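Got a structure for you, questions after.
Lettered A, B, C, D and E in written order, each chain numbered from 1.
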């Protein structure tokens, strides 16, 4: 394995581990310093609500839109990711004379992308109310 | 991680330093935010503790530390406690990949003024910062409160929606520079503004060669999307007080809350730093190249090490100046614009910014294709 | 022990550990979070294999999008931890376990002992390959993202058809999932 | 076999074994778990395992095709997850059930 | 412009048209849809002309424009590119497809205007053109096969376009299934060629083709070409797979003109011409092709005499003319075959469109017994049809004469031909003249038998313009291939087509020098046969219309046989379909009901007795199925490792 590969990755892992330990340490520190108060009533330990008994999340109805948005996000995100290698090589392709072909193929891809996007907009999949 | 133990140690220290810098910036930013908002709204703000209220920072820290550590009974404890710890990670990891100055050369060692040089800089940063959604979801789910859950779902839906526009606006930037590497982008932006088209070269004497002049639309979209990514006003629907109390950190208090704050401000700093690197020349100084600075430094001292130190310091200063300016813009916008409604937010992201970013990409590609 | 070797073992342990956690946690939320951790570990493994761009894509697509979707769905529909997370049939369960065990043994054994196979051939002179790889990398060290560019060139010349086809596929799925998510149950109402 | 060189010389085999172990874990998940969503997650695990070996081969043979294949696999996997989850959610919304055993009733 | 760009536009323009119309398939806007579709094909036509003119500009031995878009498949040594090339053969074909195609699109715009599915119709039509272009231009057999299947699909969709009518839907199905048989053979031929040459690239196959003649019946080349020819009989409606074409007339008339007369059905001939170097060295295949072609020509022509449906007559005429083309390629006259493809495209498209115009005027009436005397109502249609008639029966100097005569001459003169083949060809030429004249007389001339309720009228300009253009082409189309003997007599007019095709067509081995007086004689004979039968037909159907009935009555059994199309459909039902159904039913009854069912009852009882142990294997449980996969994997892996 090459040195070059280890170096940034090692840094990332070091930083991650450091942050995890540091964060945990902070949590424990705050616990130790903050301590516990004597008032330990059930009302205090309940989840937040404005005066009435706290409602658990289980009774909450959530719009299905959130999950639909997530699905659409995945699909469009991948299409965008596909543009990255294209964007980085586009100039190389132009200088090697294949610019027209690569440009055209990406435009076809984008046309499909735009079609999908406008279909979603038209079908009101992205309407929030 | 390096060639020998000395370098490894220095690199580790560097990483910790970057993190501490971020952590230290947070109280300062909080103070600036409070004073700034007071200034904008014609109030006083915190001015009792210390000169200009500067010691308020310390007082706040002490107050956070001494708060009771509290978790609701119904909370799912592992998630509830892990969420704030995880909140630190994505922003810090991403921020550590930002080049903040020219590399420092001491003897045979070369130290980059950045945590690590990922050669696919942008992709790495996008990837890491997309992990921030977990923090939000963990906090929202772990709190077992409906406000938290709603806030978390809102926030994550918002973050991922704007990630599309963000990612797409960067495509134009990548097309422009032809690289993923942030340092190379900064280097490409040195010197005077130069347009090359059809074999002609048009050069401007007083404008720097910054990305903003090539990609103004991408800059606007990118900047707006970073606001949404860091859940700042006008896009802070995740914690719209009137609707869902405080969003996913409704149940959090004390130091855990502060850690969320660090994460949030970390995103803000990351946004500002990326903005500078993509569109405002990074650590470069307008009108002067790195070589110019090095020459100037050589006029002051003979030692190669000192020259390098001076050059690095000057550029670091330039970076910090721009950085602070953008952080101020973040704060300024927060206290100037009202909050969006949720459907407006989603409409803006999906139906306005995404198509415009797409158009920008096509236009950029077309122009590059036509002029070369 | 060089840092690279340390990294590999660290990541391998992380991946296998969190992979097992996916399997063993009875609460789907923890399963999903462990899977996200596995994905991040796999991304790191990709970096040790010099596939930087793919690692980034792994982070963005898998860890940042697909797993977020999973977590979101689990949270949105409040899918609780199960009383009986594993299949109950004694015989079929045993058969499944045996199949899994045998398969793992066979694959690992096959890899280690497969001297004649392609894998064996490849791993025998792996050292030479690595040397060659390193020399090749030295050559293209000029540009920081030469490897990514190589990927881009291959994607847009050799694999252009797959690329366009995937574009169509993604759009089709975007349309299809919206239709699915909208459906209010089938025609056979119960 | 397991020797000091096994621990210190990371070769293609190491990556392949890692990949196969992960693959088998994923398969065990598919075979043994009951929750449809966990099964889908296990499928993702298997795909990831395969990706590791693709990338490992790509590196050890110096051929970028493996990486492109992984790119494609990721795309397909994401698409599969989207559709799979949409189906699971559609069924869940209708019958409040995610147990794979229940899905038997959906035939015919 | 760059060739790759031209090629891309040429191919993609109809495809984009298909997408646009396909997306808005419910709109009833016939002008817009037709406009889009016609424009799409017309753009292709312009590209074809540009490519063709570039081709002309190249030196004769390098006339080839090859464009590779991307690598499609690559499995070890098996490599297929998405690459296309224009050479002398495909150059002519793309001109025909896009030129005649755009005329037919134009015609359809008016013809289909009151149909609700008009947009869908045009999207299919554009898809057809796209697939046809792929078929014609593809540089490997596999690419060609993609187009081959694509046109089959479009043909199916368009034949069954009015699928609410059960009969029409069935006709589409019949065409599809009959074509499947041919396609299977095509695939087999492809496999054999691949295992022989190790490539599917047409140019490589052609350059690898041996020069030595293969005399064995079971040689790889003979078998491969034979299978390819069977594939061609499916697509090009030859014995024994011709039965679908007459039924295919269920589709809209312009479709019949485009797909079932001008372009798709000639794909088989085109394929053989393109692969001529390997066909020419397989004389056994060539012999079979020639015989099948001649027989088809004769048989279809005789059926054509008895039909009363205007489109059916034209359909059998098409089958017969296709038989001619196969006769031509079978005797090695590939150029003549291609020439006839071209002229036939002109006059047959013209006649189909003319019949469409008539049908349109007659309010969907197709029976020629209810027509007659339409000449005065529809002058333009009549005159253009008249020119087409002259072309098809082979009156000089109309297009059909030259191509048909060259085929007849070659079938006599070529070492692979024989006087018998010539005689059969000439006889069917006479029949062609007879039934075409009959059609002419019954439709346009003589007394009007039009029902009172119908008021025929000339069609609008959008329909007549294509007719006029095609009529013009039917007149002059033959002049590019004037045979040497005539050209020699009338002051050295060169045979443009022959010279043009010379570099890509392998010459017939051992071809004797032509005997001019003999050629003149045969030409005269065939012309004489044609004009006599035309005259006879005119006499029968205009002067004394009672004679045909008498003749038919006097040879009733034969007439009935011919009228019922030699009972081929019935024969197929009797010998293939019914026995199959019967056998399946028997199998079902004896094996399934009496044996397997009983057995399963026993097994079921056993299972019940044995408890839930084995029952768990038979649930619809996905995981159990996954387990089977895993066990299969285990077994497969152990086999590999043990080995």
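Please note the rule applied: contacts are C-beta pairs under 8 Å (C-beta built on N, C-alpha and C of every residue); 3 or more make two chains touch, one makes a residue touch a chain.
Everything quoted here is computed from the prediction, not taken from an experiment.
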Shared chain contacts [chain A and chain B, defined touch]: C
Chain centres computed over CA atoms; the one at greatest distance from chain A is chain E
Measuring between Cα centroids, what's the chain most distant from chain C? E
Count the C-beta pairs in contact for A-D and for C-D, then report the pair with the higher count. C-D
Expressed in whole Å, how far the mean CA point of chain C lies from that of chain D is 6
Distance from the mean Cα position of chain C to that of chain B, given in whole angstrom: 29
From the C-alpha centre of chain D to that of chain E, how far is it in Å? 49
So, what's the distance in Å between the C-alpha centres of chain C and chain A? 18
Residues in chain E with touches to at least two other chains are numbered 69, 623, 627, 630
Residue numbers in chain A touching two or more further chains are 1, 3, 6, 8, 10, 12, 57, 62, 64, 66-67, 70-71, 73-78, 81-82, 84, 88, 92, 100, 106, 113, 120
Note: chain D residues in touch with at least two other chains are 10, 27, 31-32, 74-75, 78-79, 81-82, 85-86, 89, 93, 101
Using the contact rule from the top, write out all pairs of chains that touch. A-B, A-C, A-D, A-E, B-C, C-D, C-E, D-E
List of chain C residues in touch with chain E within their complex: 87, 89, 91-92, 95-96, 99-100, 102-103, 106-107, 109-110, 113-114, 157-158, 160-161
Please name which positions on chain C make contact with chain A in the complex. 2-5, 7-8, 10, 44, 47-50, 53, 57, 60-61, 64-66, 68-69, 72-73, 76, 78, 130, 133-134, 137, 145, 148-149, 151-153, 155-157, 160, 163-164, 166-168, 170-171, 173-175, 177-178, 181-182
Could you please specify the touching residues of chain A with respect to chain E in the complex? 100-101, 104
Would you mind writing out the residues of chain E in touch with chain C in their complex? 69-72, 74, 82, 613, 616-617, 623-624, 627, 630-631, 633-634, 637-638, 640-641
Name, in rising order, each residue of chain C that touches chain D in their complex. 1-2, 4-5, 8-9, 12, 15-16, 19-20, 22-23, 28, 31-32, 35, 38-39, 42, 45-46, 49-51, 53-54, 57-58, 61-62, 65-66, 69-70, 73-74, 77, 79, 82, 84-87, 93, 96-97, 99-100, 103-104, 107-108, 111-112, 119, 122-123, 126-127, 129-130, 132-133, 136, 147, 150-151, 154-155, 158-159, 162, 166, 169-170, 173, 176-177, 180-181, 183, 185-186, 190
